[in-house]
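Here subunit A shows up in two complexes: once beside subunit B, once beside subunit C.
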Partner chain A sequence: MSIDMSQFYEVFFDESDELLAEAEHLLLGLDIQSPDMEDLNAIFRAAHSIKGGAATFGMMDMAEITHVLENLLDKIRKQEMALTAEHVDAFLAAKDVLKMQLDGHRLATAVDPEQVADVTMMLKGLSEGVAIAPVPTLTAPVAAPAAVVSAMPPAAPGLTRFCLDLPVLNERDDRNLRDELGLLGSVSQHVLADGRSQWLLDTDSSADDILSICSFVIDVDQMRVSREDMPALEAVAAAAQHDIEVGLEARADTKSKSGVEVQEEVGYGLFETLEQDKVEEGYGFFAPFTPHPDAVVTTMIGDETPLPAAVEAAQRTTRQPEKNTEISTQKSTDKLSDKPVKKDNEKAASTAETTSIRVGVEKVDQLINLVGELVITQAMIEQRIAALDPVQHERLINSAGQLMRNTRDLQEAVMSIRMMPMDFVFSRFPRMVRDLAGKLGKKVELVTQGASTELDKGLIERIVDPLTHLVRNSVDHGIELPEQRRARGKSETGQLTLSAAHKGGSIVIEVTDDGAGLNRERLLAKAQQNGLPVSENMSDAEVYQLIFAPGFSTAEAVTDVSGRGVGMDVVKRNITAMNGTVEIRSVPGLGTTISIALPLTLAILDGMSVSLGSNIYVIPLNLIVETLQPRAQDIKTVTGEGRMVHVRGEYLPIIALHSLFNHDTDITDPTQGVLVLIEAEGRKSALFVDGLVGQQQVVIKSLETNYRRVRGISGATIMGDGSVALILDVPAIIQMGQSHNYITGAAAYASRPPQTKEYTQ
Partner chain B sequence: MAKTILTVDDSGSLRAMVAFSLKAAGYQVVEAVDGQDGLSKAKEKTVDLVLTDQNMPIMDGLTLIRQLRGLGSYQKVPILMLTTESSDEMKAKGKAAGANGWLVKPFDPKRLIEVVQKVIG
Partner chain C sequence: MTATSMATAASTTPSVAGEYLTFVLGEESYGIEILKVQEIRGYDTVTKIANTPAFIKGVVNLRGRIVPIVDLRIKFNLGKIEYDEFTVVIILNLGGRVVGIVVDGVSDVMALQQEHIRNVPELVSSIDTQYILGLATVEERMLILVDIERLMGSQEMELLDSVTVH
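So, the complex of A and B:
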């Protein structure tokens, strides 16, 4: 029987992709001082699984790297070696190489052999390098140094070995101290599990010399220096020595037990069986094998070769290695109960994936288009039926109501197929931020919130680039260097928060940093220099919007990360193209938040239809704050045609849509019509229309592809009666209203978004 | 009647490969994604042979074997470990837990069927 293994490749690729992403995520979250065992195990398992699959499916390059990786991880998770930052770097590099190899197999992309060799070398070097001696579990932390001492080769004659017990130092201090002590003699260094590090120094200098060198980087009260042959605290050391002996004894004990175990197995025929199967290397049966009664029969009938081991075993009673079983069960129970419940849930969630199917995106899109058409047809039917006599056609009307509900459910269900969690985008940032921060010498902590918030797949893919740009900007320009932060009384580590949340009918994605904030004066000066129209009484939100002007950059230094003045206008354009809006909030010295609001989907819009003369327009519901019929005393004329409405303490400019679009209508007095308060990009306005028609979901049709781009209009839709209604582009309308000379002097009153609230939470 | 084999592995690709090979050889296959899942599937169905990976999240293979041996109905059902670790220590542990044999990964589908046929025909 031959089986085509290539049919499983795709599953393996997907699986490995996921495992790599998960491993990276866990690696980035590792606390190097005290790594979470469960995380280490999960990383190990990821390497292990990829290795197994790669070896099975003949991708030996990947199997090789994962093999080395697995060995190293195994040592760390068994605490035979302490985790260091170099390990994490090497693991991340290995992840990149594996991803490259994976893509090489999958998409036939290029694989850089040099990079592979580098990483292999690095991993091998690490796994052979500094290893702390296994610390017996029974041993108290203080005893660890002595344990290491005994594991080291003795000091050269004439030199004294000093044992230094220090807290783990930061990288720079660590390097400096190593260099300085290196001048005295040969140094070796081990990180211990309890957040301390142990240094061994073979030297002819005195303990005082060592202390005085150490005092440059560390408070001498926090460290201990002892001579190998003369421990500083004899009592403690003696106690420790005792512990070690117990620990070592315990270990020796275990060893001998397992030795006996193996011995017994030989006696019971395990190795006998192995020998018998030697030709067929790679599997074996244990001697006390009591096969299923059926199995023996079938084997005898159906197979020429009898099963000697099985037959032989059937005659024996199954031996119960009680003691061993007890011990191991105990261990595994502990392991299980240690696991946080949260993780179990996550794992359970990943189990659910096994019941999913893969479908091409074009099939889903076709389905969505068809449902869109169905929604329109259903709306048409509804409209026709509304004209019928409700008594005479009661049953038809009931059925139509049912159709409406079913259509809506169907539409929601179909749309949900395209929904993907924001984590899909967020997950790429921890690595990017880490690398960027490293490159720029900054300390940045990335926090993500609402990663499970779902967004349309099309939007997810298109938000990646703008978001990447914003995150880059925040790390590069927003968050200050550690020294600057300290000088400003902030913690050295800047915080960058990525969040996603549903807000009304849209999803709001925010990039927040606690960095320097935007400088209003500098922005205005720069804008003036660039010949942009500015005025001193612009609101902060409006000033901040200036950074979206093409070619606008206030960065003092152009780095290779960002700051060449291209980009923010592209970000803005990308987001606008997705029917989204960008808003900036910033407090000088405290940080900046860039807030992107996107519709949940590109295909369907919750809209409010409004009438204007004989025409119908649709306003996206998520941009409507409220609607009202103003009283005459609330309307104030500022200059010329510029009218303002007073709403709960705010003066908002009135934009008369009929005037803006040159429509004929009988209603020219706002008190006769309706004011729809709209808000976009931090600015509010009151849109004056004839009346409200109704709220409904509309299927967006592009006006651009069918006609041409029209300012103030974002698209079109087909209404229930078959007529075409235009969808208003609210941000553009607000802008047009402003330049239409309706709101002279209004800017000063325009509402300002909350600014301090963001940072006091 | 076709014999039913429970295959427990957290790696979807390996599970798919094992299941496909076994089905092609005429066995019925029940798949489980970790030890715990394996245990509950084993309780739900009557199984003639259990093939389990060792290194899995939530519950590893050795624990699964012990738990299965603790169930009355699984005291005599053959259990094979499919593992990358083929050290004597691992074999000793497997044997102590109650496994009947082992098959080292990576393996060829042909080899798998050969071993399975030796055990349950």
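So, the complex of A and C:
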């Protein structure tokens, strides 16, 4: 039978990618003075998993470097070596090399052998630098196994002592096994009379970890892992042990059998049904599971107070989500919640990962399209039903109501598939900022806020490049050198903040630095030099927008980081293409904020339908502040022209849609129609339409597919009756409203020769 | 289909022989390549788009697609501009873009040989002669063969972004 290995490769590549990203994330978060052991362990585990996978798939280059990395990490983890900044740098470099190698295997990209050699040397050098530190437990005296338990000092707090019964080992296996187990904790070993060994291992890992480590070297069926408890608790522990023995240990009668026999017979316990223990070891999948409630409870009660280490071990065992489902009783879950919140979250996150599936984006998109069509159909039914007699058709109407709710839920669920947290984007910046700051000799602290804010996957992917550019710019041009900062009375370390938040129907992503800010004079001078139309009267916001002009850079020197003036225009273009806007706020000497506002999703919109003559228009609901029917005394004019409405102390300009769009309508007096107060880009206006029709979700269809952009229209949608309604582009409408002359009634288009293209933007 | 039709339009010396859908605008007969026609349907209510030229009637929903409708009678200043149950819309598929044109009536599908087709003399009309592939004589009537893809993609039709912006 041939097996398609490629799918396994893919899984390994994906997994390694994730592990590397996670390791990098943890490395960057490490506090060098007092590293969190949990983090170090996680980094170690990542390296170890990659090593195992790489070796399995014959990628020896990766296995080799992870091995060296693992050794060094292990020393730090066991606190034989203090963590220094060099270590972190070396680890990061190793991560890069691994990524390069991974891409080399995956995409056949070039791998720089020199870089690999350099990093390997660096890691080895660092590893040997303190190799003199002795590993005391390895040289523990050989003693009779019976005496061991009591003779050995008790395991340190937080560690659990495991007793490993091993078969006869040859010298090479013995050495390898000792090395491997040495990574988990301190090992002491004893040889029994018949040549088998019994090892004691003090570790904070679980029995599962030990078994998986051992499986690299020997057949785990031939070994037995059991937890050693304090003598006083031996009685309870015996029961507890029964549960904690997760290994596929050979039976007590193994002695009488040869290793080969056992191996054949056990078959990893998957097919054996006669022995209860083995059934459990088959992860409970193959036979009805008989729980051991007594054992669990005993363990918890017995170990709770006197032996925190044992409790932790038990918890660790229970936290192996796939393998120990049978012990995850309510009791142990309660225990888990006692752990610090952070770890809980991490665990939850990792559990979520294991239960996810990978699906092609095109499948999801197809689903979204289908749901879109369903929403249209549902709206159609709803409209037909509205015409029916509610008494006679009560049941039909009720069913239709249920259909509406279900459709809406379905739509939300489907849309949420495409949503991804901003963390996906943000997580790549700590490393970049760190490297950039190092290269430029600056001190920068990166703060991220709202990383869990969700955004459509399509937008997430497209925001990466612009955001990278902005961050790079902020570090390069925004934040000053430490000396300059000190001279200005600021802390030497500059702060760069990345934030994401929902605001109305859009998501606002901001890059804020506390650097020098934008220099208005220099921008103006530069713009003049570049022949851009500028004047001294321009507002700050307008001046700042100049940096988005193509080829515009005020940097005195072009660095390899930025300053060539290419890019900001691309940033602006990319964001505009996503229906987003960019805004710059800056205070000289205090910093700059670049604020990007993006729509949440591209496909569906909550809209308010309004009528205008015989036409229906849809206004995005999130841009509507309120709707009102004005009283005559609220309508004011300025020089008899610009009409305004007085709402709650505010004077808002009235934009008459019929006049703006040259539509025929009988309603030309605002008091007979409806004013829809709209707000976009910080500006409010009152849109004057004939009346409100209703509120509904609409599927956005592009006008541009078969036609072209129309100013004031952001798209179209299909209404319940099959007709087309146009969706208003509120920001453009507000802008158009300001340049529209109401007295002549001349619309933007009609006032110009028909062949001009001004209305096409 | 679209690939071949685009190739025909793009070639410098197009062979204009082929099958044509003929339609009537006022007193004149026109022909367009049959391969560019997706379907023929009646005139439905259109949704007017603000601030567009008069010959762009608006957009309709064609099985979930938003399709613009152009009234060639207005564009060419021909015929009586009436919309009734006999008004016909020819839906064209031009390289993936779907556009509808309103005409007075559809007549026939004709196979034309190269020898039936004459070149267009220089003249003044409301469409540039560059959009006319040639003239054919069929049963004493003159048939104007229109390069509909070039015409619809042209700047004066204002149907495309790329052309109108530049």
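By definition in this document, the second predicted complex is superposed on the first by the 446 of 761 C-alpha atoms of A that agree within 3 Å, B and C clash if a C-alpha of one lies under 4 Å from a C-alpha of the other, contacts with A are read in each partner's own complex, and residues count from 1 in each chain.
Throughout what follows, a residue touches a chain if its C-beta (ideal position, glycine included) is under 8 Å from a C-beta of that chain, and two chains touch if they have at least 3 such contacts.
Quick caveat, the model's predicted, so the values are computed rather than measured.
Peer 1: Which partner chains sit in contact with A:Phe12 here, subunit B, subunit C, both or neither? Use first/second/both/neither.
Peer 2: A:Phe12 contacts subunit B only, not subunit C.
Peer 1: Taking the superposition as given, does A:Pro533 touch the first partner, subunit B, the second, subunit C, both, or neither?
Peer 2: A:Pro533 sits against neither subunit B nor subunit C.
Peer 1: Does the superposition put A:Thr705 against subunit B (first), subunit C (second), both, or neither?
Peer 2: Second partner only, subunit C.
Peer 1: Of the partners subunit B and subunit C, which touch A:Ala725 in the superposed model: first, second, both, neither?
Peer 2: A:Ala725 contacts subunit C only, not subunit B.
Peer 1: Based on the superposed arrangement, let me know which partner A:Phe661 touches: subunit B (first), subunit C (second), both, or neither?
Peer 2: second
Peer 1: Of the two partner chains, subunit B (first) and subunit C (second), which one does A:Glu373 touch, if any: first, second, both, or neither?
Peer 2: In the superposed model, A:Glu373 contacts subunit C only, not subunit B.
Peer 1: Can A:Gly649 be said to touch subunit B (first), subunit C (second), both, or neither?
Peer 2: Neither: A:Gly649 stays clear of subunit B and subunit C.
Peer 1: Tell me which of subunit B and subunit C touches more residues of subunit A.
Peer 2: B
Peer 1: So subunit A touches subunit B in one structure and subunit C in the other; where do those two contact lists coincide?
Peer 2: none
Peer 1: Going by the contact rule at the top, pick out the subunit C residues touching subunit A in the complex.
Peer 2: 45-53, 58-61, 64-68, 97-99, 156, 158-161, 164-165
Peer 1: Taking the complex as given, what residues does subunit A use to touch subunit B?
Peer 2: 1-3, 5, 7-9, 11-12, 14-15, 42, 44-45, 48-49, 51-53, 55-57, 258, 261-262, 265, 270, 280, 282-286, 288-292, 294-295, 297-299, 301-303, 305, 307, 310, 321, 324-325, 328-329, 332, 336, 339, 344, 347, 351, 354
Peer 1: Which residues of subunit B touch subunit A in the complex?
Peer 2: These residues of subunit B touch subunit A: 10-14, 16-17, 20-21, 24-25, 31, 33-34, 37, 48-49, 53, 55-60, 62-63, 66, 76-78, 80, 84, 86, 88-89, 91-97, 99-107, 109-111, 113-115, 117-121.
Peer 1: Which of the residues in subunit A come into contact with subunit C in the complex?
Peer 2: 373, 376, 615, 660-663, 701-713, 716, 718, 722-726, 747-750, 754-755, 757, 759-760
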